[in-house]
Amino acid sequence: MILGTVVGDITSTINHPSCDGRKLLIVDKITPDRRPTGDYLIAIDIADAGAGETVLMIDEGNSARQILRAANAPIRSVIVGIVDDIRVAPEGERP
Amino acid sequence: MILGTVVGDITSTINHPSCDGRKLLIVDKITPDRRPTGDYLIAIDIADAGAGETVLMIDEGNSARQILRAANAPIRSVIVGIVDDIRVAPEGERP
Amino acid sequence: MILGTVVGDITSTINHPSCDGRKLLIVDKITPDRRPTGDYLIAIDIADAGAGETVLMIDEGNSARQILRAANAPIRSVIVGIVDDIRVAPEGERP
Amino acid sequence: MILGTVVGDITSTINHPSCDGRKLLIVDKITPDRRPTGDYLIAIDIADAGAGETVLMIDEGNSARQILRAANAPIRSVIVGIVDDIRVAPEGERP
Amino acid sequence: MILGTVVGDITSTINHPSCDGRKLLIVDKITPDRRPTGDYLIAIDIADAGAGETVLMIDEGNSARQILRAANAPIRSVIVGIVDDIRVAPEGERP
């Protein structure tokens, strides 16, 4: 799984009924120190995340379909949780 | 899912009936700020996209096969929608 | 499989029962010479790994689901073992 | 799918009957402008491609197995077509 | 598939019976010109490869499980062959 920050959303027509009404968020991937990496994903949101929130994403089709309970959905990236806390040793103190 | 801009198309013979007559577009991957990343994909188009349009792509085999309703199709990248609007916080205003 | 070092953990709510009570660790990917690569994964831990330990991770959904014996789990990255020893030829002595 | 140029071939023993007698080509990945990217794949050839030819590759296991009609084949990269034409807007003229 | 050179091995406890007694090798990915790329994988060896040998690897879960005939094995990277010969056009002579 990957950490990210919600920075926006997009409006698009996806030609598949399983995606109707789904919110598509733009998520910047971040490091555990919460620094942006310059990489991003467009993810379906099931965690009711808002702009600026730190989220946990999964980027795998079968996982995404399980979460949405839609065996045929053409999706791959899903926001599965809002991150409450990140505890990480400062870089200088890592082994 | 990934954002991209259609910049061209290719003509090729794919040795599989499920791909007969499919349009193969060249899509430059872009950032949410619509800057090109220098990376690209050759994708099958089901959204009737034209050159210069911003599109939403999925790059996963099972999703691609679901969308084309072709359980055996040897494809992985599909243009699933044309992007109507991207709302993203300017980089300086992100958390 | 990939080598990594456990550098922290996160607290998040994942909306799927298969993940209830699972420990989510932050793992820095390392080279065989144990140098950090700057890349990381959030992984579920089944090896009882602690901070600072060198671990073996797998990053594939079907493998992850097999390990957790949860056919529907929306997961992809799992810590599958604690590394006891790495034997690698020094860079200058490689063929 | 990805574009590439055939630059060579390898001889190797793969321990699986589904691969017996298959030609293994070295394919340099290229940009739509036909510039090499420095990245490559070893791919099974079903398009009868020769050295120097521009090809279309797919890099996904299930697609590869469909193409070879070998449900159990341990392969992932296949040359699925020879590219006849690439029509791409010059970089300065893209949107 | 990817080319690599065996540079070492690791000892680790993987919590899954399908991996008991499997040799885990450290493989540096190389270019077709046999230059190291700085990237590596930990792979299960079924080709009886030794340190310094050039090998062909596959990095896909379903392929790996087919090769080991273990439908449930939590593995993704396998050394499938020892490379006997690489024939590649010198960089200056490529099209």
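Per-chain numbering from 1; labels A, B, C, D and E assigned in written order.
Note that a residue touches a chain if its C-beta (ideal position, glycine included) is under 8 Å from a C-beta of that chain, and two chains touch if they have at least 3 such contacts.
Quick caveat: nothing in here was measured; it's all calculated off a predicted structure.
A.B. asks: Quick check: how many Å separate the C-alpha centres of chain B and chain C?
C.D. replies: For chain B versus chain C, the centre distance works out to 31 Å.
A.B. asks: If you average the Cα atoms of chain B and of chain D to get two centres, how far apart are those centres in Å?
C.D. replies: 19
A.B. asks: Specify, in ascending order, the residues of chain A that touch 2 or more different other chains.
C.D. replies: Chain A, residues with two or more chain partners: 61-62.
A.B. asks: Mapping chain-to-chain touches, which pattern fits: line, ring, star, complete or other?
C.D. replies: Topology of touching chains reads as a ring, each chain with two neighbours.
A.B. asks: Ring order, please: chain A first, chain C next, then the rest.
C.D. replies: A, C, E, D, B
A.B. asks: Considering the complex alone, what residue numbers of chain C touch chain A?
C.D. replies: 5, 7-16, 24, 26, 28, 36, 40-43, 51-52, 61-62, 72-77
A.B. asks: Which residues of chain C touch chain E in the complex?
C.D. replies: Its residues touching chain E are 1-3, 31-32, 46-47, 56, 58-64, 66-67, 78, 80-89, 94-95.
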